[in-house]
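Just so it is clear, A, B, C, D and E label the chains in written order, and each chain counts residues from 1 on its own.
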């Protein structure tokens, strides 16, 4: 990839020059009166810049990909002399440059042309999400496959014990891990969603602009505190507190690490995920909606609950999904707050653990990296991926059902 | 009669009273929600700052060291040169203490033990930089051992010293004496921000320099890629793509990507960027790319949510005067959606800046002492090995010497300051773009 | 194009490797090697990924490489591997400094932590909840044990050298075989740890164990020797079969619970990556890894057979497979 | 003072620096339709919004002076704007249906005020309100479709239905017929006439004919001032102020 | 076919299952004002939005049939709807100013179409458009204030100004005077008359008087059907269809 930097920067330079030249030329063609042009000079410039820039960039990307794939198969595809590549790429840039400059005329629809380039960029950006998914699945699928070669899939999916063992003969049932994941995430969300939502409502509907401009970024700091701090907070403060004041008096156990501890502390971390984005979305609901409701004699809270929040629902669901996702993916808080023991229990004051924690611990553990005890991490990852996919599909349908579109 | 139906405005009727009570409760909930968040924040910050503020001060010993050419030569021929240099320093310290009648009845070994293991390296660097210093005496500023430093920060006391294998009460008494006399001073710990990491033996020398640089490089990559790509993808999916099952699949898929545990992005990064693309391991470039992929869903989800919340009448208005869809989006919709986009960016960057797990698999959770260059001819852009701030926190919390606890908290404070600086612009812009209509 | 040595692997070896790397950078003209942590397994996996500048040169491990791993290495073209044993990691039992002191034997641990044990001819769940029930010499203190999670190599050592030993010493093993269990089942039953919450698996590191003991002062935790030695003001160590764990007692073989530490060199990178062999020899030199070197000072139990290791590094003696 | 429903004295309204209502005093009678007329931008909507304190929702808006309804100062701190607005209903100038179903739009007010005893009761209120607002025939088959999918005029009638469903004492209507065809307009005017039997109605309109048809009293606003207020007939036939005169005579539509 | 600007044949519009426009064919002449009249909800706005393809933005809306402007099929895949909309301007039924300054609202169109050579030029266009829309006096001192802070009628005029600033060939106006007082209405009508000199104007109105005053041709819609289309005078004095007759005669406002 490295030697490509020369044509890369040349192309960028050419594109900048192209932008300026095309603008100039467009104005010249129009004899200085931009009104006779079919597109703005700026759009001519943009078109030339993008025509110059994008084809060589695309070729460069493709070329690098082909070379790398070739290298994997021990084919040397890159020419000995990089000058050929340079000439090809710079030639391509120059062609785009010249052709697009030549196309400039009074009637040339530069806007459409430049928008086509931008659209290509937008589509390219969207495909990255798809490619990422593909990459994630592919990077885990071979290892998962070899895991299931060594371990019965029925035991993995249906066994209720998780106890890996160095000497083999481990029980690697995913069920207690999934249970722990769902339980902890559920508690975290039960805490974070109401708190976050109420905070968002208060910030956008009640708070003075000053309070809002201070409180919102402050709450966002919660999302930036490294999770190890939360973990230690759970371990040292919240865990013993819950044990001494709730679990022990209620006879629910003596464990300082518990689902409740991890869930609550994680909930704190998730507050800004719900509050900040929801606040922005609530803020975007037109004032006319609120006026309509207030004008009927509704109180502010009635307005918020029955008009504003339903109208902002898709965005709020997005924020909640983001929080849920983060809860599912969290490691440190669970390790320190909920412990490492995989257990199937309804008691929220017992130690449990999550799929993600076990992915990390099996991946960074000491067992033979080709053994099922390590490879199970990949199977866990892939299974979690499928499960969250299912949950997201459900979420999508729920949003569809309740979506309210204002004008 | 109508008047009776509604009653006096000055007296709240029972139904309204109930509703007003509900209103008040609702407001209270909101306020307490904010209160909970702020209280949690304050507790966390107080504990972080309480633990970490002391890392911004450091104790130094200042005394003259006599530089003798033959001793230097002998030291240079040893395998462990810095160990030999340490010896030279010890001799000078002993001489200094006895001359000033400071040693008194402190055992010599205890006096030597007050100097950091880093001293030898500091001294050797000094000699290499000043080859003609031989034969002269120089006033050297050397780090004290972490325990002595801890004594001045309250971490080590006479009681713990009795139990602690790495410090003796005699050392503390000597330290007090030296402090009174001005040989031992506490200064602001600039080195904490400029030094690279140090091994477990020398907590007093450990700094965040490489980590700050590494995080800076990675965030540059993340910001330059994740924000534009995320916004572009959202615009395409929300505004242009024809709604069909394919866009549904993509939408669900992106939401799902957010739920992928971050370590899986590490697996992905290892497979794609290191094994396939053969980019350098441990490099901020790979780290940045992995974090970009990890941050993208956050930005896309929040951007799409805010694009959705812009009323269609705004788009209609723009289209109606002959703006293209692209123009209506870029000129009108996007500015109105900016607050939500910026929020997504703020949260996404916060996550990216604090993330360790994916870096584990691409080799950035490491002990790195050399500063990475932003650009180097053989490693390319951001291609040299480095760590990151959360990695330093992660590493330091695992180390056995308790002196690292304070440094880990110091690193967290630094990380939060870094985050605030990084987000300040976003927060400012968001406030500017906020409006009601 | 890489000019620094790249190391990955065990977090147990990491501090030692970092100390050596730091010295290596200070004392030679080579750049300081980069030492990653991430676990023995992950390190070896990266090591076996192939040969080339974008793979690591050295893998640290708190256990010996397995044959299955060697096979995968070979598949990927990593054939010449030099095994270097740098010393031993002592495993100690420690509790809160202000609490009761303990003098353990493996039998105590077995009796305290076994999931099921033979009683009156049948297997029954472990009834002990207090250390005084385990051993009449112990003070009254509820059993709370923080032992390494199953991801840690230390767990394996704990199970084999403490639990299994205790199982044999108490005669439980024999009783189980008498009951008609085959030897393998009996062994794994011996090493099965109770899951009723009295024994807590720690997936994190020793700082987590320490924090848990500080949060619950009844806890007794398993630590590495070097970790304990840096925290003698907070922890008191228990003896095992009457021996206090120190680098000397472990080195002499008096203290029974320890495990060897290794690193593996990719011989194909020697001569390609500058400083690789130099670093390896530097690591095992007497000045560093010897009993008076900085590694021992930090808590590494130095290897009595260090000379053999030095020779192996000098000759790049590869593992024959 | 027998029959005064709303009495405003010396009302001033500012939007920031913009003085939108200048010292307006007016007494609106009960069981009367009062029309507010005046050129666009003269402050009709602003004044109307003062009467049920909807201006509270506009940050930059500042209201001074004394406004009493049933002899009670509505800007008294003791007054609950919520109760006020339940008593003084409003139809906004720009139709603003909620992004909910047509049914829910109308049922919203009765629900929050607890006006319906059950589902059947609510259904009845919804139907009656939609019928009165002349929307029932068009809406009855699509009660569950979103109110935002209606045509402009239909939305306007939906908002009228929504406002009358809560049975206010006073109804403020800001150009309620601006998007309606003559027939629908007639129906709404009929409704207004019917409402007058028991309530007080204030209507803003640009149509002189409409004002003349439905109102008993008319107030003419100009540049924030209340220029003239009196019996509708008199205002239209024999205005006192030359500005009223010229506005009326410049009439076209 | 000498003078036909827009020709629609067999246009059908569906909102989901709702058949909103039923087989409408109409030929709209150049340099003519055509009025669309009909009861609320009959499909006037819908049909109007077909003419510049604004219906494209409503997901559930489906349009079939043939619509030609200057003899070019505007639903041809080759047609760029953007260019079409630049050529066929629109004033929406509900005023929808951008949440930007008044100036920017008007200047937006000229800017994106490159109609101004410089700042001075742009200023001139903005002033001229605001003047034509009868908003200049009210807006000239607050050009930098947000367009959303205007009164209802002012917003409507702002939207008119915004539409004419881009100098379209055809102007579609959906009830442009619904929130305007008679004087402002007269000014807008004058504007329409002026525009007719060079352009084609289609106006939706509920005011028969207005239709009669400004238009040369009138189309009467009923329940999605185009009932009658012809010279305005004839429609109002001698309608052919009984439905037209009854709608006209039932007139009130």
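The definition used in the following text is that a residue touches a chain if its C-beta (ideal position, glycine included) is under 8 Å from a C-beta of that chain, and two chains touch if they have at least 3 such contacts.
None of these values were measured; they are calculated from a predicted model.
S.K.: If you walk touching chains, what's the least steps from chain B to chain D?
M.R.: 1
S.K.: Among all the other chains, which ones are in touch with both chain A and chain C?
M.R.: Common neighbours, chain A/chain C: B.
S.K.: Can you give me the shortest step count from chain D to chain E, moving only between touching chains?
M.R.: The least step count works out to 1.
S.K.: Taking each chain's centre as the average of its Cα atoms, which is closest to the average over all protein Cα atoms shown?
M.R.: So the chain sitting closest to the middle is A.
S.K.: Which chains are joined by the largest number of contacting C-beta pairs?
M.R.: Pair with the most C-beta pairs in contact: A-B.
S.K.: Using Cα averages as centroids, what's the distance between chain A and chain E in whole Å?
M.R.: Distance between chain centres: 44 Å.
S.K.: Could you please state the distance in Å, as a whole number, between where the Cα atoms of chain A are centred and where those of chain D are centred?
M.R.: Chain centroid spacing, chain A to chain D, equals 49 Å.
S.K.: Let me have the rounded angstrom distance from the C-alpha centre of chain A over to the C-alpha centre of chain B, please.
M.R.: Whole-Å distance between the two chain centres: 21.
S.K.: So the centre of each chain is just the mean of its C-alpha atoms; given that, what is the distance between chain B and chain C in Å?
M.R.: 31
S.K.: So which bits of chain D are touching at least two other chains?
M.R.: As it turns out, chain D has residues touching two or more other chains at 82-84, 86-87, 94, 112-113, 168.
S.K.: If you look at chain A, which of its residues touch at least two other chains?
M.R.: In chain A, the residues touching two or more other chains are 111-112, 232, 287, 299, 302, 363-364, 405-407.
S.K.: Quick one: which residues in chain B touch 2 or more of the other chains?
M.R.: 19-20, 23, 278-279, 312-313, 324, 336, 360-361, 397, 437
S.K.: Could you list each pair of chains that touch one another?
M.R.: Contact pairs between chains: A-B, A-C, A-D, A-E, B-C, B-D, B-E, D-E.
S.K.: Quick one: in the complex, what on chain A touches chain D?
M.R.: Against chain D, chain A makes touches at 287-299, 302, 306-307, 310-311, 404-407.
S.K.: Help me check something: in the complex, which residues belonging to chain A touch chain C?
M.R.: Listed in rising order, the residues are 163-167, 169, 232, 235-236, 239-240, 253-257, 335-336, 339-341, 343, 350-351, 353, 357, 361-371, 373-374.
S.K.: Would you tell me which residues of chain B are touching chain C in their complex?
M.R.: 78-83, 117, 120-121, 124, 160-161, 163-166, 198-202, 274-275, 278-282, 360-361, 363-370, 378-379, 385, 395, 397-402
S.K.: Enumerate the contact residues on chain A facing chain B in the complex.
M.R.: 1-2, 5, 64, 68, 71-72, 111-112, 115, 118-119, 121-126, 128-130, 132-133, 135-136, 138-140, 194-199, 201-203, 205-207, 213, 215-230, 232-233, 237, 268, 271-273, 275-277, 279-281, 283-287, 299-302, 304-305, 312, 314-315, 318-319, 321-322, 324-326, 328-329, 331, 355-356, 359-360, 363-364, 378, 381, 384-385, 388-389, 391-393, 395-396, 405-407
S.K.: Under the definition above, what is the set of chain D residues touching chain B in their complex?
M.R.: Where chain D meets chain B, its residues are 69-70, 72, 74, 76, 78-80, 82-84, 86-87, 112-114, 167-169, 198-199.
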